[in-house]
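Take a look at the structures below.
Shared chain: subunit A. Partners: subunit B in the first complex, subunit C in the second.
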Partner chain A sequence: MAATSNATMTAAVPTTASHAKMRNSLWWDAFRRLKKNKVAVASFFVICVYVLIALGAKLGLLFPDVAIGSPSMQYLPWSWEHPFGTDVLGRDVLARAVHGTATALSVGLISSGISLVIGLTLGALAGYYGKWVDGLIVWLYTTIDSIPYILLIPALTFVLGRGLINVYIAVGVTSWVTLCRLIRGEFMKHKDRDYVMAAKVIGASDVRKIFRHILPNVTHLAFVQFGLGFVAAIKIEVILSYLGLGVDPSTPSWGIMLDDSKLELSRPFWGNLAAATIFMFGLILSFNLFNDALRDSLDPKLKNK
Partner chain B sequence: MFNASFKKLTTSLLALAAFALITQGCTKKVSDTDTTLNIVVRANIKGLDPVRANDLYSSMAIANIFESLLQYNYLKRPFTLEPSLAESMPVASADGLTHTFKIKKGVKFQDNAAFKDGKGRELTAQDFIYSWKRLADPKTASEGFWIFDGKIKGMAEWIEAMKAGKATYDTPIEGLTAPDANTLVIKLTGPYYQLYDVLAMPFSAVVPKEAVDKYGQEFLNNPVGTGPFMLKSAGDWVRNSKMTLVKNPTWRGQAFPTEGEATDKANGFLEDAGKPLPFAEKVVFTELVEDTPRWQNAVKGNFDYVEIPNDVFDKAIDPADRTKLSKELTDKGMKLSITTSPDVTYTGFNMKDPILGKSKELRQAMSLAQDGATLIAKFYNGRGIVAQGPIPPGFPSYDANFKNPYSTHDIAKAKALLAKAGYPEGKGLPEFTLDTLADSKARQQAEFFVQNQAAIGIKVRISANTWPQFQEKIKTGKVQLFGIAWNADYPDPQNFFQLFYSKNMSPGPNDSSFSNAEFDKLYEQSLKMAPGDARNAVYQKMRDVVVEEAPWIFGAHRLGYRAIHGWVHNMKWNDIQNDFPKYIRIDAKQRAELSKKL
Partner chain C sequence: MLSYIVRRTLYMIPILIGITLLTFLIFNVLGGDVAGRLAGRHATPEQVASIKHELGLDKSIPEQYINYLHQIATFDYGRSWSTKQEVSTMLSEGVTPTLSMTIPPFLASIVFCIGLALFAVYLRGTIFDKGIVVTCLGLMSISSLVYILALQYFFAYHLGAFPISGWDPSFSGRWQYLVLPWIILFVLTLGPNILVYRSVITDEAFQDYVRTARAKGVASSRVYMKHILKNAMIPIITIIVIDMPFLITGSVLIENFFGIPGLGGMVVKALNESDFPTIKALTVVTSIAYMFFNLLSDVLYSVVDPRIKLG
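Moving on to the complex of A and B:
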């Protein structure tokens, strides 16, 4: 018991001198616990497979001829050569799903990257400076948060036009609110703590205090939030593309496959629906499970549970 | 997050299951006296004001409530005009510039609170003058004003004066006069042989001033016309859902035509010859945008006929004989109707584009790269014929033997032409952009276009738009290639050729901004010619210019396939005029009988 509370103390309130070592120990600790969690390891493995698939597709190793189909091969049923059959243009559905993985992962990575940068920066500024800076940023995120995302994001894609880059931006600039709010709260809590006071006494600048001292103590939150944002971004991309507002039709996307399947269900052709759903299910489930495990292992209060 | 969406999924699955139980659980009781005609439309009806009759489904509803001076004979083909609100066909002066109409006596507007005591008053010639002034009024901003634009003497001056605030609806227009209550005289600025055609369109329908004054903008939801059916109260139309029209008790009356095409008798279209119209007590329009529920409801008998959607087509049609319905549907007493639509689908080039507009060979090559036959087989289930030019079958001057040299699928010839244009194997060409609509079908067709062009080395990317965005881009010339279709307003090829006339360039209807001196000369000549062989010869010359210059890649003339229930009589489909509900007879007893099998 004593050891636990001691570790909590050191993890949450590191001194400037032993900063590097302590940070390492928090992450190392988390990693050790994560490793013991079988579900987490399995999920991580699945995610790695997805990443490899996406890389393989992007580098032209897997199904390099995704766009090519032959009209005579329309709606072939499943076979060993085409496990999910072929679509309306005679393209292999599995190839489309594989290339859709690259699209989905890139949207997840870049969009949540954008929202991470915005959320962290604004949250840190609002929490650290308070006063009118805080007022302004809180006003901004409450305004954004008050508009349902399902309206806000399509509205943005209307303004920006369609395309992968615009999806990155639209999702990125609208999904930073939760992170910003969390970080702001943490900064308010931390800015008057002793270690920050100590930094102030020795004459550290604001920038140094924010980025060198406080930020490392709240990154675990950002980490978890990044994972959640990642999954949300993938889902939003699929919804947007399904509605015809997402990536342009030349980019393979699970959303477009689902849109195609809408016209094919009464045929019946299940390839597009099955492939897109299975690929999405695998990725989103393993990401969510991994996220849960990651959050638990990064939370010092849950350490011995 | 996962839990929440799982819960939602379970709820919706439960709801779905419950719905399935309800729909399967109850046996349908169909009345054997109800003669309601149930129509399902695939897009939402926008409004019921004739000056807004710009889309198919709105005009369909409008054509039941409002009437024009003329109409097309229900049975005769090619389409033949006959009087509607006019007493007889108009009398034209020798120079063709003055047309005198006698208007039927005793025609009454539908009863409405807009009139004194709520009783519709009698129609006069002045009502037409008012209605057409309203169509021309710049404040109305009607999409249908083109039917009179620059054609009627003194109308342009009246519009200018209206804009300057110097005129009112009481200011006379020289070309529109009413010597007495039942005589209307139209004076034209020049020959306009399409005048009678446009006087059969809903845009030219007559509306009462009292109702427009009373309802203002809301006239759209409170229509008052002279037609066979009426919207009794604004509440009978729930937008995006359902509209109920009832028989107009004060309608002028009309008898079912007694003669038609040679085949009409054999097809049973003359069974009701001479009987008074309309047959149906009520007409119900249901708006259902999604294909699957529309089809399934229709097969269950909730709608009297339905267009066969692409995805059920193979199941709905007899595999051995593709002009018949499948056994399952035939057993239910359903019949198939196949008609040629008066339309053409095409991919237009923006002729102002510095590359596409400059090279005829490039455009011809791209036209040859298109596999029209596969396009039709794949996306229309074979329901279409490869278009050889802009004129659809059944129109004057259409020549079934004419073959467009660039409408075949010939990769070798396409590559040769591409090389001749200076772009061997597509080298030196940038990636072109094809604009299209964002819906699933338009996107798939665009992807097929990309696949076709890739075969000769031309790269195309797709830009998908909403309909307003798409229109805006075309009208402002911000497109390179665009996939669209044109549906005829009236059965005269001029309606297609106006799309190539240089003075109609975007934002006019000439979306390709095609400009060709020879074509313009022929077009202007054809406008001055009366219908007949001489004019048809000019039309064919115009077609040849368009085919050679290739401002469009011609797609298909589509065929309409409709499955019609056995209890529906007199359904002879036409895509030109939408007033068919008054001719349809529903046999209520037969419906009650056949419904038991559904």
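Moving on to the complex of A and C:
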């Protein structure tokens, strides 16, 4: 018995090593396919531009005087100085949209980061241990999944109060269900495979088997889900802020801009609606296109198509 | 089969307990000082205490939970804090406006999107197919708020083609207020629906039976309409049933914008007015509805697809 396992192990280990050397892993494969996909490269570039804009805004390099306006400059039409005009308080709308990018990206990153950690951990535990642990976790996510998110998330931010941190929490703790379900399924498949058996034979602990052995084989799912969650979180933040349950009104946010624009369209002042829509469209569309390409490139079934 | 349905139905009991526990946790535990909120900022401690007593909030947490379960079982959620109406009456009155807003675009979207998805798969790999996919992704990249704001402004305010908002309780006078919300809801569902149907139909288009049908000389249109569509109906029906809670929740923002007195508009109003009993009741009732639709889709799936073995 021990001899067979050892044989499997020695056979398995060099293959992995040589694969890494040949840069022939799933990740390199995916990377190569992504690189060939022009749409993916272009959308990745756009996402990078957004990240730079957000960083620039946060570091005070872009529009540091975002909050400053004067009543005399209320609702200026567009000009070279103010491409989207100025809002009710005389603030530059473009500056608000640029700073809103930082808000949106932070919501996407932190909320889907939280849901990634919860989804991966619970999915791994449920799939690996099975039995009552699995039952409990499945019960938990079925319950969360039964409450429509359009009610669950506003209800949470409603009781937690408004503010950026509460948005992160409310979106993060409610949006891990899909990832958890996928990871659970993968762990159930993987836990009885030979390489996990081999790890068990050489005395690997459960923690080591879960995190060092199985997890790297399922992270591609997490990547795709992270991207989808990112987009969903940004969209939800906009709606929450519109409903008055999201960020504080003083925080620049596309949702607050859309809320403002509701009363401004009849003036007519289009600046807030146009700026928020254009900024959001560019970011979400690039993410959607990139996610699509990423999913295809990580799908081994589509390898030779 | 019957034993599966029974087992699946029984599994709703723990989920129901989960939903009540979670909503209880959100509103009664995380909710903080509910009585203080209701009493207002200038209330004396005695007033707050009497409100607490009235709402049963001075009892222990387990006792409160039992009361809460009793409320749900008897459909008695108390009175709304803002309108002072019975919450249960408000809910039942909100059902018809919501359904008359969501059902027509829901059905229209299914038919239209399946048709377009079939067309996209038929032209798979061509510029039309890619165009449809990119258009869908583009449509999905715009916030639903923008659609509502822009279309309401353009059609109702600028062109004056429809009333900006309003409601007529009679069925015959209702439609003029509903046409624009229908259009918006239809547009909102296009992107996700076409993409999901397209991927489902694509999966079927690569099956062996399709190749067999083609090989024996079945006309292409017949392959699509008879062979592929018929088999794709299994996942499509499941998707439709899973989407059905949309009939209740799909209209939250639109109802708010157009002043339609349905459940969705009620959600926004209750959140704005911190109307605890109403939010709580809406959350629980729609969650229970969700749960039933999930059950329905699981059972339907097993009935429709003979390949699914029930363990």
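Assume the second predicted complex is superposed on the first by the 281 of 305 C-alpha atoms of A that agree within 3 Å, B and C clash if a C-alpha of one lies under 4 Å from a C-alpha of the other, contacts with A are read in each partner's own complex, and residues count from 1 in each chain.
The rule is short, and it goes like this: a contact is a pair of C-beta atoms (placed from the backbone, for glycine too) under 8 Å apart; a residue touches a chain by one contact, two chains touch by 3 or more.
Source: prediction; values computed, not measured.
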Inquiry  = By the touch definition at the top of the document, which applies to A:K35: first (subunit B), second (subunit C), both, or neither?
reply    = neither
Request  = Examine A:K262 and indicate which partner it touches, taking first as subunit B and second as subunit C; both and neither are also allowed.
outcome  = both
Task = Examine A:N288 and indicate which partner it touches, taking first as subunit B and second as subunit C; both and neither are also allowed.
result = both
Request  = Identify the partner contact of A:V88: answer first if only subunit B is touched, second if only subunit C is, both if each is, neither if none is.
outcome  = first
Message = Once chain A of both complexes is superposed, is A:A155 in touch with subunit B (first), subunit C (second), both, or neither?
response = second
Ask   = Once the shared chain is lined up, is A:L245 touching subunit B (first), subunit C (second), both, or neither of them?
value = both
Request  = With the two complexes superposed on chain A, say which partner A:Q74 touches: subunit B (first), subunit C (second), both, or neither.
outcome  = first
Inquiry  = For the overlaid complexes, name the partner, subunit B or subunit C, with more touching residues on subunit A.
reply    = C
Ask   = Can you pull the subunit A residues that subunit B and subunit C both touch?
value = 158, 244-245, 262, 265-266, 285, 288
Ask   = Which of the residues in subunit B end up touching subunit A in this complex?
value = 1-2, 291-292, 295, 309-312, 314-315, 371, 374, 378, 438-441, 443-444, 446-448, 450-451, 454, 461-464, 466, 469
Ask   = Which residues, counting only subunit A, touch subunit C once they are in their complex?
value = 139-140, 142-148, 150-152, 154-156, 158-160, 235, 238-239, 242-245, 254-255, 258, 261-262, 265-266, 273, 276-277, 280-281, 284-285, 288-289, 292
Note = In the complex, the residues of subunit A that touch subunit B are 67-69, 71, 74, 88-89, 158, 161-162, 228, 231-232, 244-245, 248-250, 256, 259-260, 262-267, 285, 288
Key: Of subunit C, residues touching subunit A in the complex   = 14-15, 18-19, 21-23, 26-27, 30-32, 134, 137-138, 140-146, 149-150, 153, 157, 245, 248-249, 252-253, 267-268, 271-272, 274, 279, 282-283, 286-287, 290-291, 294
